[in-house]
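Heads up, the next two complexes both have chain A, just with different partners, chain B and then chain C.
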Partner chain A sequence: MKKFLQSPYAWLAPALAALFIITIVPTFFLFFTSLHHWELGFPWDERVFIGLKNFSHTLQNPLFRSALVRTLIYTVSAVTVQFILGFLIASFLSRRTLLWRGFLIGSLIIPMTVTPSIAGLIWRLYFNPTYGIVNYLLGFINLQPNWYGYELALLSAVIVEVWQWTPFVTLILLAGLSALPRTPFEAAMVDGASRFQMLWNITLPLLRPIILIALLLRGMDALKMFDVIFSLTGGGPADATELISMLIYRTGFYHTGMVGRASAIAVFLLAAIILLSQFLIKILDSEPKSA
Partner chain B sequence: MNSAGTSRVKAVDAIVDVTGTLILVFLFLFPFLWMVSMSFKDRIQTFQIPPLWFFQPTLENYRALFAREIFGTYFVNSVAVIVFSVLVSFVLAAPAAYALSRFDFKGKKDISFWILSVRMAPAIAVVIPYFFLGSFMGILDTRLILIIAYLSFNVPFATWMLKGFMDEIPTEVDEAALIDGSSRFQVFSRLIIPLTANGLAATSILCLIQSWNEFTFALFLTTTEARTLPTIVTQFLTFQGVVWGEMSAAATITVLPAVVFAILVRKHLITGLSFGAVKE
Partner chain C sequence: MRKNLATWFVLLVVFTLSAAVAANPLQEWGAGIKEEFGGTEITVAMATHPSTDGFRSMVQEFEDLTGITVRWDVMEEIYLHDKILTEHAARTGRYDVLMMDVVWMGEFANRRVVVPLDDYLADPQKTPAWFNYDDIVPAYSQGLGVYDKKVYGIPSAGESAFIAYRKDLFEKYGYDPASIKTYDDLLEAAQFFHNKEENLAGISMRGRRGHHIVYGWFQSLYPFGGAVFHPGTFDIAVETPETIASLQYFVDLMKFAPPGIENFSHEEATTTFMQGHAAIWFDATALAPWIEDQTKSKVAGSIGYLAPPTGPKGSAAAIAGWNLAVSASSTKADAAWAFINFMTSELKAEEYVKNGGVVTRASILRDPQFIEEYHYYPQVLESLDLAAVLVDQDIDWRPRIPEWPRIGEALGLNASLALTGQVTPEVAMERSAKEIENIMAGY
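Then we have the complex of A and B:
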C-alpha cells in the first residue's frame, strides 16, 4: 500500500476513472446516436444506422443555419458589451477616491450568483410591456418598446446576459488593473503621453491575457446558453431567440423526437466548445497564473 | 496647485464617484432588490401603475409557495443532491489535486488540462447521452442520476481549484515530513488537508453554488420525484399571467442561498469562476 501510494497515478486513478465513466463514455454514446436515425419513444432496437446523414442534414438545415447565426450575434454582442462596460466599471472601481468600493463589489457579485433560470423568469416579468418595470422606467424618456415581439426578443436575452455577467468581466479586469506594474506608466508620464495613449499602448497590451481569458470564458458560456433563454423566451416568439442549445432541445425532445439529429447538432456545439477551450488552455499555459 | 483648484478637483472627484456609484447600484443591484420587493407585494400592488416603491409588505406569496407540495420536495432534492455530489467530488478530487500539485510525472500537464476542459463541456450536449443511459439503467428521475451528473462538473472544478490551493503550500513542508518517516497518506491527510482547510471550504462553497444553480441536467433528467429548485420555473411558465408575487417569492428563496454563499467566498469567487486564472 505504501509503495502503491508513491505513484501519482494511484492518487489520480479514482478521479480519472470516474471522469472517464461519467464524461467520456457518454460522449461516445452521443457520437453513436448522432450516426443513427432514432426517434424519441421508439425502442432502442429500432434505431437505423445512417452514417453521417444527420451531420449533412444539419449543415443544410436552414433552422440550424439561422440558429447558428443567431447564437453568434447573441454571443458576440453580449461579450462585446460586457467587455466595454466591464472595462469602464473596472476603471471606475480602481479610482483612489472611491468610497464604498466593498459595497459595490458586493452588489456586482449578486447578479452572477442569481440562478440563471430564475434570472430569465424574473426578467421576463421586468420586460412585460404593460406591467414591467423596464417599460415603466423607459416611459420617462417616452419609449415603450415591445420586448415580447420578434424584433427585440434577442436583445432582451442579450440584456439579461449583460446584466448577469458584466460583473464577472469587471472583477477580472479589476484584478488585472490592480496588479499592473507602475513603472511603465511613470515613464510614459515623463514622456508626456496622453491618457488615451497610455490606455492603448500600455494598459491594454499588459492586460491582454486576462482580457482574453475573460472573453473566452464568457464566449463559451454564451455559445452554450440554455437556461436563461428557456425561461426568458422559450426560444420564441417563433424562432426569434432559438439559439443552438434551444434547437437541440426542440429537435431532440420538445417538438420532434429526432434524437439522432439533435445529437449531431450537439456534436457540433461540443466541437466548438472544445476548440475554444484549447485556446483558453494555451493562454493559461503560456502566462504566469496570477494577474 | 492652489487650494481653490484642489477643492475643485475634489468636488469633481466626489461627483464622479457618487454618480458612478448610483449608476452601478441601479444597473446591477436594483433588479435584484426589485425581485425581492415584488415577493412581498399582494396581487393588486404587483400590477399597480406606476409601480409601488413603498407598500405594506405581505407574506401571502411565501405562504402560497410553501403550501405547494412541490416546493418542499424540490428544496429537499436540491439539498440532498448537492450535499452528496459535493462530498463525493471531494473524495475523488482531493487526492487527484494532491498528485497534480506534488508529483512530477509524464503527461501531468495534459492530464490537468484535460480535467479542466471537461469542466467546459456544454450540459445541453452531454445531457442527451445521460438521458438515454439513465433510462437504460432505470435511474431517470432519481437523485442518484443528478448526483452523478453533477460530478461531471464538480470533480474537474474541485480538482483544479484544490491543486491551486495546494500549490501555495511550500513543498518543503511535506518533504520534511516524508524525511521524518511519514507516509504519503499521512502527509496528505495530516498536513496538506488541514493546511488547505480554507481552500477546501471556499471550493466546496463554489461547488455548492454551481450545483444549486444547475438547470439543464435537472430539467432533462428528472420529471417529478427528483426535481430541484431551479426547475421550479417550469411551474410558472405556462400560467405566468397572475402569480408574479409567488414567482418572485420562489425566485427569492431559490436565489438567496447562492447569494449568501457567494458573499461569504467573495475573495475566491473570481479565482473560482476563472478556474484559477485570475488571483485576487
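Then we have the complex of A and C:
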C-alpha cells in the first residue's frame, strides 16, 4: 500500500478518473450513438444499429459540405483578424510608460465576461438595419448596409466573434511581450536594426510559442462556435451562417431530433478539431528554424 | 366595551360562515380536491409566454383552494420542446402538466408523451360544470387540442393572424383600408406606402429562416390554393403551381418589407411596426397587445385592424396556439388535471385574460366589456371564422403530424433561400418536395 502511494499512478488516479468520466465516456457514447438510428423522445431501447449509414449520409449531405466550408471561412477569418488586432493592441499596451495602462488592460476583460449567447442577442439589436446602433453610426458616412441580409450575415457573426475574443488574444500576447528578454533588443539596437527588423527577427520568433497557443485556443473555439450564431442569426438567413455546430444542433435537436445522425456530424467536427490542434501542437513542438 | 367586541366577533364568524355556505362552486370543488390530493406537489413545464404569466398570477388561489403545490419550470419555447422530449426519453416523470405548442401535437401524441383527456372530460366528477369545454372557440378546441379524434390538450392560448394598419398614414395619403380585400390589394397597398416617407416600409412580417418564415409565407398558402399535402392524403403538394405561386407572392410582398426582413422573427416584425417603420403589419392576433401598449408602442392608438384578405382560391386564416396537457409519465395525473381545469376554465377566463392570458373562449371574445377595452376582438373573431374554414375541411394550417417539425424545417430553409434570392421559388419547392419525401419515408 505504501509502495502504491509512492508511485506516481496513485496521485494521477483521481485526475484520470475525472477525465475519464467527463470526457472519455461521453466521447465513446458519441461514437456509439453515431452508429445508431435514434430519435429524440424515443426510449433508448428503440435505437437501431445501422453501422456507418449516418456517416455516409453526412458525407453525401450538401448541407454538410457547405457548412464545413463556411466554418473554415469563419474560423480562418475570425482568428486572423483577432490575431492581427490583438497583436497591435498588445504592442500598444506593452509600452510601460502608457497612461492609464492598468485601466485599459482591465477594460479589455469586459467583452469576454458577456455570456456569448447574450452577446449574440445584444448584437442582433445593434445590427438591426432599421433601429440598430451600427447603422445609426454608419449613417453619418451614408452607409446603410443590411446586416441581416444573406451577404453580410456571416460577416456580422465574425465581427461579434472578433469583438468578444480579440481581448483574449491581446491578453495572452501581452503576457508574452512583457516576458520577453531585453538583451536581444538592446543588441539589435546597437547593430542599428530598424523597428520592423526587430519585430520580424526578434519579437515574432521569441513569441512563437505564445502565438501558437493563442491561435490554437481560438481556432478550436471558433470551429465549434455555437452560442453567438444561435442567438445572432439562428443559422440564417437561409444557410448563410449555418456552421457545423448549428447543423449538429438542428439535426440532433431543434425540430428534427435525429440524434444518431447529429452524432455522426459531431464526430467529423471532433476529428477536424483534433487535426487542427495536432497540427498546431506539432509546429509548437518543433524547433524554430532560426533562434 | 368587552361585550361590544364579542358581538363583533360573533358577527364576523356568522358572516364568514354564511359566505362559505353560499359558497361558490369553486370552493366546493377545491375542498373535494384538497381531501384527495392536498399536499401533492405537481411540476408544470411552460414556455415564456404571456399566458404563463396569466397562470402564475392565479396560482396562489389554486394552491389555497386545493392544497396542491405547484412547481414551475419555465423556459424558452425551443428549449421547452427538447426538454420535454429528453425528460420523456429518460422516463423521469419530472413533469405533470405540459404546455404544448399545437405544432408538437402529432409528435407528442404519437410518442405518447401526453395522454388523451376524453375520459376526464366525460366524467363530471373530474370535470366540474364551470369548466365548460364547449365555450372554447371551436376553431381552437378542434384545431388546437384534438388529434386523431381524441382530445389531447385544452387550448390555453390561441391566435389567428390578422392585419394591422396605420390609420394616420392611411388618412394622410387618402388610402382606403377597406379597399384591401384581396392579396393583390395588399401587395398594392404595401407598394404604395413603401418608402413613402423616410424609414417607412410597406409591410412588416416575419421572414427568419425556419418556422418563422413558414408562418409568414403560409398566410398566403391556402388562399392561393396551395398546400403541403393534397387534402386527405399524404401526397406531397409543395410542387404544385398554386403552392409555388403563394411562395412567389410572399417573396414579392417582402420587397416592400423593412431591410433585414430575412432575419425577422415576430419580435422584430412587430417592433419595427411599433416604432413606426412600417405602414402595415400582418402577424399573429396574440401580438396585438404589444402594438396597443402605450408605453412601448409609438403607434398605439392609431391602429386599425383587418381580417386576412382573400386569395384566388378563397379565404383561410392561420391558427396557432398552445395547449395544456397531462404528461404520460406523470404519477399525479388527477392533480395535474385539476390544475388544468382551474387555469383554463370559463369561470376563471376573465381573470386569466385580465392578467395577460391569451383568450381562447368565445364568451370573452363576445363580452361587450372586453370589446370596449380590446377593440380588435371583432377582427379576431372574423379571422377565427376564416380559420374555421380550414378546420371544417379537416385541413391543418400546419399539418399536425409527427413529421411536421422536420417538414417545417425543410420548408423554412428552402423558403428562406428563395426569399434571399439564392434560388427561385420553383427550385426551392422542388428541393422541399424531395426532402419531404425522404422525411415521410422515415429517413
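Here is the rule we use: the second predicted complex is superposed on the first by the 248 of 291 C-alpha atoms of A that agree within 3 Å, B and C clash if a C-alpha of one lies under 4 Å from a C-alpha of the other, contacts with A are read in each partner's own complex, and residues count from 1 in each chain.
Throughout what follows, a residue touches a chain if its C-beta (ideal position, glycine included) is under 8 Å from a C-beta of that chain, and two chains touch if they have at least 3 such contacts.
Not measured: the values here are computed from a predicted model.
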Touching partner for A:260 - first (chain B), second (chain C), both, neither: neither
Chain B versus chain C as contact partner of A:44, first or second or both or neither: both
Contacts of A:86 with chain B and chain C, given as first, second, both or neither: neither
In the superposition, chain B vs chain C on chain A residues touched: B
Touching partner for A:150 - first (chain B), second (chain C), both, neither: second
Partner chain in contact with A:131 - chain B first, chain C second, else both or neither: both
First, second, both or neither for A:234, with chain B first and chain C second: both
First, second, both or neither for A:108, with chain B first and chain C second: first
Contacts of A:250 with chain B and chain C, given as first, second, both or neither: second
Set intersection of chain A contacts, chain C complex versus chain B complex: 44, 124, 130-131, 234, 253
Chain B partner contacts - residues on chain A that touch it in the complex: 2, 5-6, 8-9, 11-12, 14-16, 18-19, 22-23, 25-27, 29-30, 33, 44, 89, 92, 95, 97-100, 104-118, 120-126, 130-131, 133, 136, 163, 166-168, 171-172, 175-176, 210, 213-214, 217, 220, 223-224, 226-227, 230-231, 234, 245, 248-249, 252-253, 259, 262-263, 266-267, 269-270, 273-274, 276-278, 280-281, 283-285, 289-291
Residue numbers on chain B that touch chain A, as the complex places them: 10, 13-14, 16-17, 20-21, 24-25, 27-29, 31-32, 34-35, 38, 46-47, 49-51, 91-93, 95-96, 98-100, 102-103, 105, 108-109, 111, 113, 115-118, 120-126, 128-130, 132-133, 136, 148-149, 151-152, 155-156, 159, 164, 183-185, 209, 212-213, 215-216, 219-220, 229-231, 233, 236-237, 240, 244, 247-248, 250-251, 254-255, 258-259, 261-263, 266, 269-270, 273-280
Chain C partner contacts - residues on chain A that touch it in the complex: 37, 40-44, 124, 128-131, 144, 146-150, 153, 233-240, 250, 253-257
Residue ranges of chain C touching chain A (in the complex, touch as defined): 78, 81-82, 85-86, 88-89, 91, 107, 111, 113, 199, 207-211, 258-264, 268, 271-272, 275, 277, 405-406, 408-409, 413, 416-417, 419-422, 443
